[in-house]
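The two complexes that follow have chain A in common; it is paired with chain B in the first and with chain C in the second.
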Partner chain A sequence: MRGRFDMTYRAKGRKKSVLVLTVYSILFAFLVLFCLYPLFLIAMKGITDGSGRITSRYLVDILRDGIYREVIWFTFWQAALSSILTLLFAFPGAYLLSRYDFPGKRFVIAASTIPFVIPSLVLAVGLIAIFGSSGVLSSILSSLSIPAPDLIGSRSIIILAHVFFNFPIALRILLARFSGLDPTLVHAARSLGAGRVRTFFTVVLPQMRYSVLSALSLVFTFCFLTFGIVLLLGGLNHTIEVEIRSLFVGLSEEGLHHAGALVLVESVIVLVTTYVYIWSSSRVSGRAEIVLSRPGTMRRKISPAGRFLVGTYVMLVLLIVFLPLLMVFLGSFMAGRTLIHAFTLDWYWKIMTMESGSGFSVTPLDSIRNSLLFGLLTMLLCLPLSYMTAWVMVKRGGRGKRFMDMLLLFPLGASSVALGYGLVSAYSSPPVSITGTWYIIVLVHSVIAYPIGARAIYSSMKSFPPQLERAARSLGASPVESFFRVKLPLILPGILVAAVFAFAVSIGELGATLMVSSEEYITMPVYLYRTVEGAGRELGPMYAFSVILMSTAFLSFLSIEIIQKVFLKWGVRGDT
Partner chain B sequence: MILRMRKERIGALSRGTMVSLTVLAFVLVMTIGGAIYILERTGEDEGDLVIYAYESFQSYGLGPAVIPEFEKMYGVKVTVETPGDVGTVLAKINLEKGDPGADVVIGVDNSMLHRAVEMDLLSPYVPTNIDRLDPTMSFDPGHHIVPFDYGYIAIICSREMMEERDLPYPASVLDLADPVYRGQLLLLDPAQSSTGSSFMIWAAQVAGDNYSAFFDDLAGNAEGKVFGSWDAMYNMWGDGEAPIAISYGLDTAYEMMWYGTNDTVTIVPPEEGYRQIEGAGLVKGARHRELAEKFLDFILTDEFQSEVYNNYMLPVVPSVEVNEYFLQYGASADRHVEPTVDEVSAHYDDWMAAWREAFFG
Partner chain C sequence: MTLEVVSVGFGYGGSVPVLKDVSISVGDGEVYTLLGSSGSGKTTLLNIIAGFLRPDSGRVMLDGEDITHIRPERRGVGMVFQDYALFPHMNVRNNILFPMKARNLARAEMDGRADELCELVGISHLRDRMPSELSGGEKQRTAIARALAADPRVLLLDEPLSALDAALRIELRGELRSLLSSLEVPTLYITHDQREAMAISDRIGYLLDGRIIEEGTPEKLYWRPERVQTASFLGFGNIFRVKARGNGSIATPLGPIPWNGDMPSHIGFRPDSVRIGTDGGGLKGKVISSEYRGSSLFLRVSCRSVVVIMEVDPHIGAGKGDEVTFSIPRDSIVPLR
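Then we have the complex of A and B:
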């Protein structure tokens, strides 16, 4: 027993432990069965014809056909533009936040985590509330008798939504690095006579390059795989994901082959960007730890000019994060279609008392219950998966490590629509028929969520010094005890973040769920999507339902915070 | 000495840890068990007959009017699932081919049937009371579906806006390509909306071999005002986005019936009528085939046909009485240009390609 633990910590080249191998096999079995094989089936459609012979016809088709080419091109440039704009917006903010201290700074940073747990659909509804034909903006503009631009359905609203949604992610990645910059280098440059601007470009910026690349590639990947936002706001503009979905439901054999080819093209691009992300973030996190323990040295007293800059920026951040959510919230209590109206609880009442049969054979309450249960089960299935993934990523070194890591994190860059469709078509006839069951939803949510959780656990596990565990063991703690008393409390933040992510992904997932869910297991996002799509004229219930969805996600976030506090307290008491 | 004593405890857990772990394990098992129990119970609730229908079958009220009637007649329980629009419904049936969840599908119209037939989703069935059906409605010689209602696809104009802008009323579908209507037109995307694909077929039928050029002109006139769903388009039309839109022959009747006003001018050119005929079909490999056949027979009875007004559509059995508003204000045609399923099947992809090229190319 002892030997096994020690050996895994030793350098590479030794005999691999049985445990590592076992964990690998479990993970790969899961990955192959529920992700790779279903996606393989779909991708094969793209390179084989009706009788199963290999053909390049469909690939040529989608690259030559004006419409498909337009879809691929649009997906690409909107993702590029969105990610660059996001970075341009987040970069100065991260710089200011890392350099200046001001009251409420922690709140601003905490607020920027909110979009992580808020489903993208809610954001889309928020943007409808602001920019829609009966939104705030158009009521303000029309009261000034300026014609309001109708942004819903346009390309600019998609890019706007992507910047809204992803900018907090970029901000956090950059902020982590900015706060960790080695200040002695800056001081050295300055004392050697370099001006501020020159120091920034020659000393600070080069140190930021991997973080910038990592944020850029991550945001690009997200925007490239975007689904819900484009479906709801994009009108007739299709990204690859939306196009794939319409081909899947389009019911033509030819269309299925084209969808397969689109999945292939999409996967190739996303594989590249995911690889860039993993590579660049490994370059960053390799050094982050050392510098994180040296806080505050670069910060300065705030100057009047700086105060103005910081103030403006903070206002902008808060506006971006909260305005769409606030508008949804206000809209859900307003009796009329525009902003300023009598307070009402009618919309909530309507949702709570809606009977089945009014368009759906399920009620909104059914969807809320289902989503909560799926979220819970997804979280419970994801935690061991994420933990095992992070564990083997830490344990295993040496050659081929990056490839193995890529493979383990593969679902990060998988098309969720194709994943959903692939799962259903892979396991839809006896003896293995999982269509229309509840566990197909839990499975698909878990496949999508576990790599995100794995990354969170991985980064906290990596900063956990193995000597601590060994110290505990040598002081007489059993393996289990040293795990629970020493390791767990230290990596707990990562585990809890993983739990929140798993829950949040499950609560907000639309692309795959739309493909796999059956009527009785309808989830909140599917319900919301169908409400928006079907009865677009009544905004009140849509807002109210969005508020419920958003509060559920937010409450899960809060409750995890509370659990963390309680756990940590318990850990401390256990020590005495 | 102390070191030695502590070593004795290796392997054992302190009591606090043990208790916490046990509690945690217990809570976990209870949560998982509880969640699975609730989900399993939700899934069990399946009827003797499972119907997949498009959403408006339930929301407009036809389903709630006829389903209980059928349940009473045979003493059975029917489950109606509404996964989305017709396209979504058929896609779901296609996915479940190996293990069908539905027995009957409701809402396959003459613009969609060819897809269902090509994908081999339906099992042909001739109802015992087929002689009740208006013979001009049987567009499917293969009997894959039993028609249950129909409605004319129509051009609707806002009287107020047409007068305000001094626009002539179109007399034919082909008139919509006239440059006077530039920017005055709301259209539907046939890839997303079944009303839209009906309109596309209609337009292609009337335009004949020139459909490609006609679509180009239509696209020029629409100026990008093309919508994914009839609901979205109809709302925009109601908000005054443009005076002309694509809708149904009963729209004036609808307005008179509910609002008592008469702003909607509904145009169905008498020589070029196109009826959207909606039907129900037997899903291939249905588990409850016998009851499903009974349901298809039920569709042509007076009990069902007298309720189709809920859908704002007309009955397919000529003897069934029609609502007086529909009779008085409904637009209809003398001659029809509906193609058969095989004709749609042969040309649909070409029409679609031309349409996409014209509108998005």
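Then we have the complex of A and C:
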């Protein structure tokens, strides 16, 4: 029906398509100037030599050289392992959450959105607080006189962090599908003589396959492009992103060419996984929306075993989401290094009063001000971009749609480090010189954030019933009036969610910001990273600073919840 | 005021056009129903009249004014949508105020008019409810009140009863009829339900494959349709091909009957016009199946080379295998083409 009504504007087709074309041009101009061209420059480095001749030397190098090969291989298998473990952990949970109703279910589901807005750096600091050499785990173990392994710098901590960080995303994707399954199909299977297990494997599981694939490919992509977590926790283990960064910073001409080649290899793999993600999520049938409870959830009949399973799982979820954050929070108020210590506000005081110097040209307060400012500006720039992207995605159908959608959402899978470096190298000399300015930061944050916002707006635009606009028109409202009085109020939740995401991405971004920011415009994550890396590793101020970063992000998360609660009344919501 | 649709043609770009040369004319205060099964092009025609679609050919006229190219909001065409399309973020009152706000009426005037309309459709007590808190019938009344609040020059209703359950549908049918006939604008009503069409309309047009193949009053279409397809859609269970025999009679599968005037290609009669009994002469047949329907008995009777369907008094109690005699009153036989 929708397809048909899209075509109902056929007679006005020419006028419409001019508008669509204009919007496409604006979006592609932005995309080409600030994403594709800079990345192209970097990638070209990988296949040309110093004098600009095409060569396969560097590609051959990175595939043959032990170190680069190891980096590529490690990036690949850690992403594969992380995503499979994430799925193994999220799948049963999503199943349980869709089957059982229990008090606090809404809270658990809401809590699972937190990792969307909490910067990965904060999670890394949280894991340091738990698993680090002076962390909680080692204090507990050493008090029991068991030797504590120092996990920081190991490969296991990277995978652990990835599972921690990504499982809520997988949980939400699977839960949305599970709660969209038609319960009568299960009832039908049971009444036709299939047992519980058989029903699960023959009726439930086959309906889940595209969701599983889409969660798997998304988590894989995230883990493959991981930067902050590996930078902070990985020690000598480099993923492609981290390696690229050290090559860029290394400033050797040879290194730059190798970085270019690495970007090429990375892009090819990410292109494949992103395509798998977009393809599989488009095949997920039904409404991809989390339904809190529906007929068929077993509200009344919950067996003791079921209660135990659900209880354990919920505890685990809460632990995973909150424990690292809680540890950071507690650590920021503790005077000493071990488990229980006197309460203190010293660390916060130190941050407030810290002067610039000692490796920093700005004070912590400056970085907070910078981040807030860039966050707001990114939000302002992203909203029109996200809105236009969502709009053309809804409007345009037919041939090549999936390709265009993928192109529009391209930055989702782009290497942020390469993007940052590419922007700097593309626009560092006249006529266009934006290196070191504040707006290069806003630009790169917007490039990274707008596709996420576009998805939020897209999903609320999709659930907007087109006949409401027609009703408004037939009642005498002009197109402008019907937009402002009918469409906008109803898709507002999606727009607000997009705004919050843009802000959150900007607040937490590290990879690209490290490449583009000058000393003057250091942001919170950059400051935090330097504190962690800096000599001495004084934990107190690091925790305190993380808490400030986390609270900023958490406030944006809270505003999403409030927005959704307020707007949920009339049932149009923007989900990720 | 009159609504005129003049030879409208429309296609969605496929090879088969959805509407082919459709013309209708609805007068002041008249309720005209477009009857047709799904896919017949009813909704497309409504969308053309409302201005959401532009026809490939033909015109839409309102009071002699050509409105084919006027924007939807300037047409003065009120529409009640199939699923009502109430604005979910506005309460009943604000839904009804919406079209008046769009016309920038004075506040007091708007409030008065809104109250009046709520009264008219009987939803005064629901004014502060949100659409999600309304029942199907209440939503429907709200949608009608909202459409009327725009002071439309013509009212379009797209299957306004189809979202309701059967009992409520029958109840509201009568109400809707008296409401619509009290309005002084032409009303175009769309449905696929022939009973609803009969109950609501002054005139019915039967739309098939993008053409109005027949139109007339409910009585005419019910008792004396002219087209085979119309008759079949309206419950003529018995339609037979006939041949001219010369000498003023036609040959039917049930025997020859005398005939004056134009030779039809088919004849038909309704199942309920068959008389069953033994009163002399008539036709003999064997009951193939009998289905009890409360107030009547449906029989399928094999007679000569055909099967005759009849709806008879249930007290006759004929069962499968029984022999029955029956006759068909001459004046209930309708010529069809």
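Everything that follows uses one rule, which is that the second predicted complex is superposed on the first by the 523 of 576 C-alpha atoms of A that agree within 3 Å, B and C clash if a C-alpha of one lies under 4 Å from a C-alpha of the other, contacts with A are read in each partner's own complex, and residues count from 1 in each chain.
FYI, a residue touches a chain if its C-beta (ideal position, glycine included) is under 8 Å from a C-beta of that chain, and two chains touch if they have at least 3 such contacts.
Note that the structure is predicted; figures quoted are calculated from it, not measured.
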Quick check for you: in the superposed arrangement, does A:Ser478 touch first (chain B), second (chain C), both or neither? both
Name the chain, either chain B or chain C, that contacts more residues of chain A. B
Under the stated touch criterion, which partner chain does A:Leu490 make contact with: chain B (first), chain C (second), both, or neither? second
Figure out whether A:Arg369 sits in contact with chain B (first) or chain C (second), or with both, or with neither. first
Taking the superposition on A as described, I'd like to know which of chain B and chain C A:Glu533 touches: first, second, both or neither. first
Using the touch definition from the top, say if A:Gln467 reaches chain B (first), chain C (second), both or neither. second
Just to be sure I read the superposition right, which of the two partners does A:Ile140 touch: chain B = first, chain C = second, or both, or neither? neither
Residue overlap on chain A between the chain B interface and the chain C interface 475-478, 481, 485, 570
Partner chain B, residues of chain A touching it in the complex: 66-67, 70, 133, 235-236, 246, 248-254, 357-361, 366, 369-370, 373, 376-377, 380, 421, 424-425, 428-430, 433, 435-438, 475-478, 480-481, 484-485, 518-521, 530, 533-537, 570, 574
Once bound in the complex, which stretches of chain A touch chain C? 4, 7-8, 10-12, 465, 467-468, 470-479, 481-482, 485-486, 489-490, 569-572
How about chain B: which of its residues touch chain A in the complex? 3, 6-7, 9-14, 16-17, 20-21, 28, 31-32, 35-36, 38-40, 42-43, 45, 55-56, 58-59, 63-64, 79-84, 87-88, 90-91, 94-99, 101, 115-116, 118-119, 189, 191-192, 226, 228-229, 231-232, 235, 239, 349, 356-357, 360-361
Chain C contacts chain A in the complex at 12-13, 47, 50-54, 71-79, 81, 83, 85, 87-89, 98-99, 102-103, 130, 132, 146-147, 149-150
